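Quick one: the structure is below, and I'll ask about it shortly.
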Amino acid sequence: MSYEIKLEVFQGPLDLLLYLIKKNEIDIYDIPIALITRQYLEHLDKLRSLNLDLAGEYLLLAATLIHIKSKMLLPAEEEPETEEEDDPRQELVEQLLAYQTYKEAYLKIAQLPVLDKDVFKRGNFPQEEPGRKEEEKIEANLFDLIEAFQRILSSWDQAEIMEIDREKINLAEKMNEILSSLEVKDGLSLEELLEGAKTRRRLVYTFLALLELMKQRIIKAYQNVSFGPIRVYLSVA
Amino acid sequence: MDDLRGIIEALIFASDHPLPAEKIGELLPEATGPQIKEALGQLVEQYRSRAGGLVLSHVAGGYQLRTKEELAPWIVRLKSGKPPSLSTAALETLAIIAYRQPIVKGDIERLRGVDVSAPLKGLLEKKLVRIMGRKDVPGRPIIYGTTRRFLEVFGLKDLSDLPSQRELKDLGI
Amino acid sequence: MDDLRGIIEALIFASDHPLPAEKIGELLPEATGPQIKEALGQLVEQYRSRAGGLVLSHVAGGYQLRTKEELAPWIVRLKSGKPPSLSTAALETLAIIAYRQPIVKGDIERLRGVDVSAPLKGLLEKKLVRIMGRKDVPGRPIIYGTTRRFLEVFGLKDLSDLPSQRELKDLGI
């Protein structure tokens, strides 16, 4: 059967290209681009004729190959300097070499004995747990935290969910900071609060954070005399 | 089947429960009952005579490797140093506080859909969360936020290190 | 402290994860570092020479008792459920992260030539890969690296124990 190439056999366009280079016993540093491009496109056609969805990456590499081919067809300029010019294949070759190296690394890793498959550790039987110490260490993982958050979001009405974008987190950071300063000092002037904000961005965030805290009625701002300094206090001391 | 004893030892070691001789027989149809019994006897004897830190005991109808009883004081030292992990409830509560701070308890509960008193108390005790003040609205609810220790535990420089919604989407989480 | 070797053996056995020599030192202030090192060496040698079903391996920066690799066919019968397996895509992604860490997602994708969201998520879930922070460049992308668990699962002492690390470095990629 000539159509026995399955897309899932290849780990992407680079993998397919590497396969073609090996099959044709081609020197990776001197790829006959016309031949390889033809074979690559033929493979894509076969895959398509099998009604397999081609990932965009495969088509992108096809475009790259055609581009290189057209560049190589351009007549060479007369000046000898052009000899020094970059080979249009160079970038692709470097990419292929890097990929090949990691493919080998992957094969080496794939050969290592794997825990719970090739080797096993002591069975997980219950053991007595003595009491814990006071200021204990906590085993935590950022991914667990994110995952927990996503779990909640997915169970909640999407309309209710505010976008957690960069800005929102930055704002939370700033609000946290302001409240911390207000804990140690009873009342801060606007100048004091803005002191640390060296960049325009930080200045804006500090303002936004102050407004948000006021809106939420967590802090209050006072001005003793008109045009006097504005001071910020915790709403509930 | 030249190393029956080794195979049985590995099986007992890897098992989550005391392993009965009959179960070993089922796993090793290549060996006869008497062969297995004999190998087990030799193993028990080997562990007894070699004066190491482990014993092969016959408990709960099966065989199990255990640390010697007199070594318990050292094992206790090992186990007491083991860092506890956070429960799902605590982790979810912490995640909401981290991303939505400053936040009041009512809002956390609205998001989680359940009472969060217990996990919140635990997080406060672990110093991952702190009271940041009160909101000047009826009931004057307490507002919560994360601590410096929270950043340390999760290896974050500051809160802006938390992955954003877009980045989470990117990972397909 | 007449039986240092026995105590150390029991500690390693009782520990859920590979036990580092330094940790043993902390647990046994009665013994000196060189004494512990010597006892560990003797234990490793003892397991090697006694031809049982177990080996004492040096993995993930610590010591762990494990079943011998050639006994896997029998242990698999004991363990119900299928053994953990990683897809080729996941393993390729893992290999790139292992050799190139800390690395951002974009760079992994440039090397593999395909999107890595799905395998990356799987690796994070399996705790083989972790978020290490953010790169200090515009956009502050998340950087990834391997975990201690990765070393434990693949039986590596540390990252320098990765196969042909040197060859890859020499290529300067």
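The first chain written gets the first letter, and so on, giving A, B and C; residue counts start at 1 in each chain.
In the analysis below, a contact is a pair of C-beta atoms (placed from the backbone, for glycine too) under 8 Å apart; a residue touches a chain by one contact, two chains touch by 3 or more.
All values reported here derive from a predicted model rather than from experimental measurement.
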Centre-most chain [mean C-alpha coordinates]: C
Most widely separated chain from chain B, with each centre as the mean of CA atoms: A
Inter-centroid spacing, chain B versus chain A (mean Cα positions, whole Å): 29
Chain B-chain C separation of Cα centroids, rounded to whole Å: 18
Distance between the centres, which are taken as Cα means, of chain C and chain A, whole angstrom: 24
Shared interface positions of chain B, touching two or more other chains: 10, 13-15, 65, 75, 79, 155-156, 160, 163, 173
Shared interface positions of chain A, touching two or more other chains: 120-122, 124, 127, 141-142, 147
Residues of chain A that touch chain C when the two form their complex: 11-15, 55, 57, 61, 95, 97-99, 101-106, 108-110, 112-122, 124, 127, 141-143, 147
Of chain B, residues touching chain A in the complex: 10, 13-17, 64-65, 75-76, 79-80, 83-86, 88, 91-92, 94-96, 98-102, 111-113, 126, 128, 132-137, 140, 143, 145-146, 153-156, 158-160, 162-166, 168, 173
List of chain A residues in touch with chain B within their complex: 120-125, 127-133, 136-142, 144-152, 155-156, 163-166, 168-170, 172-173, 175-176, 179-180, 182-183, 213, 216-220, 234-236
Contact set on chain B toward chain C in their complex: 3, 5-11, 13-15, 19, 27-28, 51-54, 65, 67-68, 71, 74-75, 77-79, 81-82, 155-157, 160-161, 163, 167, 170-173
